[in-house]
Amino acid sequence: MSALETFFDNVWIDALWRLLAVLGLMVLVVLALTWIERKFIGRIQMRLGPMRTGPFGIMQPIADMVKILLKEDLRPATADRLVFELAPFLAFVPVFLTLLALPFTAKWGVRVLDLGLLYFIAVSGLTVLGYVFAGWASDNKYGLIGALRTAAQLISYEVPLVLAVLALAMLAGSLNLLDIVEKQGRVPFIVWQPLGFFLFMAAAVSDLTRRPFDVAAAESEVAGGPWIEFSGIRWSILYALTEYTNMFALCVLGSLIFLGGWDWPLGLKWGWWWQLVLIFAKTMTLILVIMWVNGTFPRVRVDQLMSLCWKLLLPLAFAQIFLNGLIIVYGWPDWTFLLTSGLALAVAGYVVYSVIPVGAPSRIVVRSGA
Amino acid sequence: MLGVLRGLAETLRTMARKPVTVQYPTVRREMPERERGYPLLLWDSEVGEPFCTGCHACERACPTECISVIMKDNPLAAEGTSKRRKIVDQFLLDYGRCIRCRICVETCNFSAIAMNNTWDGHEMSRYDRGDLVVNLDQLLAKSKEGGFTPWVSP
Amino acid sequence: MATELDRELETLDINVNVGPQHPATHGVFRMVLTVSGEKVVDAVPHIGYMHRGAEKLSEGVDYRQGLIFQDRTEYLAQFNAEMCYCQAIERLGGIEVPERAEYIRVILAELNRITSHYMFAGAFATDLGVYGTAFTYAFREREYIQAIFEAVTGDRMMYGYFRPGGVVWDVTDDFKDRVRWVCKQTRVGIDDIDRLLTKNEVFLTRSLDIGCISKDDAIDYGLSGPMLRASGLQFDLRRDEPYSIYDRFEFEIPTGTRGDVYDRYLVRMEEMRQSARIVEQAIEQMPDGPIMPEKAPRRLRLPPGEIYMRTENPRGEYGIYLVSKGGEKPYRLKIRSACLSNLTALKQMVVGHYVADAVVILGSVDIVLGEVDR
């Protein structure tokens, strides 16, 4: 008993088994998400999704994995070898590192950092390098253009993401994720910060390069994307694994900081089992919202993408910070958060609505001669 | 913002509907009576010979020229058991060229050729293109088995 | 070294080949865009990948056999193409079509217009990047209508149902009920796609003021169909030069104002509703009776002469120019393709826009390569 305890008290062993646990969790989550996405999108499109591989297509992710592993490992002869091989890892590892700062229950996370939120945002920003490396190493004109475009998109959308999260940190008064969750004991922060939540989700969708912001994939139709020369397991790491892990990480973060994490509404007295259930339920809700948006929206053009970020989301993020600051400094009651944030969101909606001339139906209909 | 919310509501609504997928080949949907599968020849079971007399009418009418017919004197007519003086000797139909336009059926004076309105009128995958050229016995096989009712236009 | 660097920094116009194989569903069409930075400077369409010699083949077969080539040329609006062909022969040969056959033809042609526009809606949405949602909705609705076509003609795509003089056999007994049901159901389907796309802000920013063409330019280029009507000219052959029995029905002609991609989309969606209206009127008025003229000859011989017959296909003005020197086979059958004429305006519409818009504009022209290349 005591030998086992001291074994696991060793800092290195402790870190190692937690790391392995999160790794296993990540693999399971990615496999599950590929299946869920295909079934969910299929349902939106009134069709069944995978049905043949195993009952209800459950083995489909395994089948995909086997197919990808068995593919030939191609590399262009003129490609920069080191950079080419490094690119998928450079895209994936930072995303995995972000998982290490997330507390999944009140007592369990790989590490609980005092600057957890800052760590998350900072490290997830490194994935941009992976895409740039991928585009550069492909030695392909179109790959490079696509990669630079993706890099521009990811970097631009980091800014509203960081600012929205910063506004929230102002509200909570701390960057420690445990503290943020505990402060939402009675009311989750989404109630106080609807605008912040909207900004967070928009920036998250863009960070994942999903519709409506999947310009990188659209480039593949016409001029190629950063993944153009990657195949097999490299492509899978670069595209599928990164995207799904990133989706999972962002959604866990979103449910921790906006939806109340494992604390609201049940509180701490129910035990770690219920906390896990709560946090996964909330994460799945956010993931399904992202997939729902994926299946509904058309793509935004790349210049519209940029102007949306810098002309709409950024001013809104600043507005959110400013309003939060006002309320905190003057000590106004909590419901003013909801009022101001909700108003700002409504104003944003109205601005979008009025900039696009949706009002007048642009057609004349005239009765036929007969 | 309302437009995007309306779109999202629409997809939410569709999620509740039953999927329209029919899982072929486990489930095969029912074919209408007039379904135009690939053509086949009909067997006159009363007399024991094909209806086809080898008159070349369908061969001339076929737009893609996929039919090849050879006619012969009917041995059963000499015996007196059949009213057909001529009968088909060899009938080659290239399913690879056939476009299933049904003009051969329309032209036939003896209602000897019909479109196969069952599932195996469509499931024609073969490994060799040469296997798509069918001869008289293959064409008569389904009708000889019995139970096949072609659709005759009014 | 310095001069090499200078030369490298010079901006070059890249040729982007939107190749014969499209991810979207337009068929084998090649468009070479010359792109400067992000804007398109020049666009050269290359066609001919699907040329199968339909016109020449029609010269070698008689009039009944020649019908099949019309299906295969315009393979998304088959009944409209067959209608044009049969009307051309009937007008040249002075053949009277019985009433019931006329009604059946109009009903099937208008239902085919609805399916063709559904195909447009689905493919267009896919071009814009919707993951496939609008596509599956559109195809579900198409299935309902195609089930009727299959029940009546026996085939799901190459119908070959019309004949010069009428239709080849009568419709099924439950035709009227099914058509009535499908008209109601189609309105639901159109509303579904409408709700998904029409007021969607992302859709609007991608399609408003993209690919504009003015009314005068449209007339100059010889555009027709929804493209012309979206530019503001209210011209529809069903009303202005009525053929068959279109003058008995009441329907509206949707017209746009700006001539952009969004207007074309709206015009086509509204045309679907108007087609459903025509079908509802026709199914009420449909009489009983014969479906082929009584003295229909076994082999059709046309007197010598020539005729140009044009009809309002879903894509525009589809014309058949038929020259007959007597006899059973045409001397020359020329097909005036709506899509080909519409494509001549492609360069004007695309130049000045972004590369991503070029695909959207091509989608809005709604081409069928079989018709473009024949």
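For clarity, chains are labelled A, B and C in written order, and residue numbers in each chain start from 1.
Here, a residue touches a chain if its C-beta (ideal position, glycine included) is under 8 Å from a C-beta of that chain, and two chains touch if they have at least 3 such contacts.
Keep in mind the model is a prediction, meaning the values are calculated, not measured.
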Could you tell me which chain lies farthest from subunit B when each chain's centre is the average position of its Cα atoms?
-> A
If you average all the Cα positions, which chain's own average lands nearest?
-> C
Intercentroid distance (Cα basis), subunit C paired with subunit A, Å | 42
Please work out the Cα centroid separation of subunit A and subunit B, and write it as a whole number of Å.
-> 55
Go ahead and note the Å separation of the Cα centroids belonging to subunit B and subunit C.
-> 30
Among the residues of subunit A, which ones contact at least 2 other chains?
-> 44-47, 295-297, 352-353, 358
For subunit B, residue numbers touching 2 or more other chains are 1-4, 7, 10-11, 14, 20
Where subunit C touches two or more other chains simultaneously, the residues are 133, 137, 140, 196-197, 199-204
Residues of subunit A defined as touching subunit C within the complex | 41, 44-47, 141, 211-212, 214, 218, 221-223, 294-304, 352-353, 356-358, 361-370
Complex interface listing, subunit B residues touching subunit C | 1-4, 6-7, 9-11, 14, 20, 32-36, 61, 63, 99-103, 106, 115, 117, 151, 153-154
What does subunit B use to touch subunit A in their complex?
-> 1-4, 7-8, 10-12, 14-15, 17-21, 23
Subunit C to subunit A touching residues, read off their complex | 14, 16, 18, 23-24, 38, 125, 128-133, 135-137, 140, 196-197, 199-206, 208, 234, 236, 239, 242, 246-258, 262-263, 266-267, 270, 354-359
Touching residues (chain side subunit A, partner subunit B) in the complex = 42-48, 51, 292-293, 295-297, 348-350, 352-353, 358
